[in-house]
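Structures given as structure tokens follow.
Two complexes come next, and they have one chain in common, chain A, joined by chain B in the first and chain C in the second.
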Partner chain A sequence: MQATSPARPRPASNFELYSWFFMRISAIVLFVLAVFHLVYMHLVIGLDAITFEVIAERWQSAGWRLFDLFLLVFGWIHGANGMRVVLDDYIHPQGWKVFVKSILYVVTFVLIVLGAYIIFTFRM
Partner chain B sequence: MMAAITNLFRAVTYRGQEGQIAWMLHRIAGVGVFVFLAGHIFDIFLMAFGPDVFDALLFFYHQFFFKLLIIFGLYLGVLYHALNGIRIVIIDFWPGMAKYQARLWRIQLGIFVLAYIPSATIMLSRMFDGS
Partner chain C sequence: MNVTLRIQRFNPETDSKPHWEEYPLDVEPSDRLLDALHEVKWHHDGTLAFRRSCAHGICGSDAMTINNVNRLACKVLMGDLGARVTVEPLRGFRIVKDLVVDMEPFFEKYRSIKPYFINYDPDPPTERYQSQEERERYDDTTKCILCAACTSSCPSYWGNREFLGPATIVQAHRFIFDSRDQGANERLEVLNDRDGVWRCRTIFNCTGACPREIKVTQAIGEVKKLLLFNRMV
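On to the complex of A and B.
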């Protein structure tokens, strides 16, 4: 009879370690980008003032396009990875887990492609 | 269903104190922002279809109820999740701080109130100014 539980087996890959590290780094990046984005759009510009015209003008600048690209990639990948962890916590049957996560990964691919497409190709 | 009720009962009666509440709010806010973000990336993609399509969609954003949801849902959730996330980063990268996690959470709530109340008040007052 062991007094303590046996040591946890060494994980087969370092994926969860990289995932943990990515969440911390992207958290710091998003703390600046996402909070600034919300405050700028809702306090400086104001929801009612945002139109097609305003965003079209914003995308005249490469800097804003880059800002939006960072928001898209860091924001969604951080969110999707967080959702992966949440799904692991609540969905136990293996089949359902694979099914729901597959949907998550497809949605992730589609949204990153759509978002990057419009940021890179938008012309007035 | 029974399992869900049992879990809910456990969640309410488990006395995890600050850490448990901080974690719960972090998760609820995270999932909420995730759902909003999916819609938001898609609606910005609609810029590809020109001003008529895009501005038609904005009618949704200009609804009274939607604005309330932004102030008391999205903005509140992002701000809490962001501040609590920084607390987690501090504790993870500086393990000595783990001892003070509950105190850090109270400081974090103080910062949250100081940042949220004035900015949310401005957003709310704008709703009634029509500006």
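On to the complex of A and C.
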């Protein structure tokens, strides 16, 4: 009979706490951004009217570029962090975990950088 | 009333995997499922293995999955279960035999959060006083009987057995929010981990499974909130 339990590995940081808090805050931000985006694109512009020209015209305004940048960054980080947590739940072999998470992080990084690059440098 | 008890059986010495066996019984609607299990064991098949001790919903020994819900066999009446009753061992734990599961991983996690009173002050000459409001603060989580119905119903625990599980967090809550206890930080260190409170996804299965009707998810939420306020501001 074991008298005391072996010490569990102690967390070195508050990373999971920040991650949890970030998910809550970013969920609220994304809710506002996504609902506004949905209403604007579907109801104000209208599904049939969404063309390259409409988006290019929209991006003449710095505000819209900033809006899309927020949507890009918050959407990807929120989604990727959620995915990281799910992978922790269901992939147990350490090698596979590192492999799949590496793909996730690289894809997230590349697409954020690529998206941001386009948002910042787009010209008509 | 006539019922069919469908029990998941597993004998580690002869079976490679669990199988189902059915037992037609004549029971009273006021009988508990535990009485029906006794009927099987004492009069039909003596090899059936299950845990029970007090038989009155206090010791927490006979938690099992009954008609797909985790409950105590001694607190469920046959009249409430229908004519066909499915009984399985708790999910998420290794089956030792029939309805008996290996609870050691559960208790190992329980011990990790130091589930005992910690106070570094010199012993007072009298009891350690506490106001009614201070006592009320953690009243709900004192009701836990460690039956593991919550932990075994938790999808996060099914997914990853390293998760401390709801029962352990409930037990930690009971001491963390006790005004006389001084071990909160030691316990929060253990809980502030990927496999601590942060693996909880607020699925609420635990709250539904608790035979003591503890608001388990709320207790976990209170620990998360305390960690947030403790560590971030």
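Annotations for the structure displayed:
We take it that the second predicted complex is superposed on the first by the 114 of 124 C-alpha atoms of A that agree within 3 Å, B and C clash if a C-alpha of one lies under 4 Å from a C-alpha of the other, contacts with A are read in each partner's own complex, and residues count from 1 in each chain.
Definition applied: contacts are C-beta pairs under 8 Å (C-beta built on N, C-alpha and C of every residue); 3 or more make two chains touch, one makes a residue touch a chain.
As the structure is a computational prediction, the values presented were derived from the model and not from experiment.
When both complexes are overlaid on chain A, the residue A:Leu17 reaches chain C alone and has no touch with chain B. Between chain B and chain C, B touches the greater number of residues of chain A. After overlaying the two complexes on the shared chain, residue contacts for A:Glu57 are found with neither chain B nor chain C. In the superposition on chain A, A:Leu30 makes contact with chain B only, not with chain C.
Of the two partner chains placed by superposition, only chain C is touched by A:Asp88; chain B is not. By the touch rule above, chain A contacts chain B in their complex via residues 24, 27-28, 30-31, 34-35, 38-39, 42-43, 46-48, 50-53, 55-56, 68, 72, 75-76, 79-80, 82-83, 86, 107, 111, 114-115, 117-118, 121-122.
On chain B, the positions that touch chain A within their shared complex are 27, 30-31, 33-34, 37-38, 41-42, 44-45, 47-48, 50-51, 54-55, 58, 61-62, 67, 70, 74-75, 78-79, 82, 85-86, 88-89, 92-93, 119, 122-123, 126, 130-131.
Contact residues on chain A toward chain C in their complex (touch as defined above): 2, 4-11, 14, 16-21, 88-90, 92.
Residues 108-109, 111-112, 156, 159-160, 189-190, 192-196, 198-199, 224, 227-228, 231-232 of chain C touch chain A in their complex.
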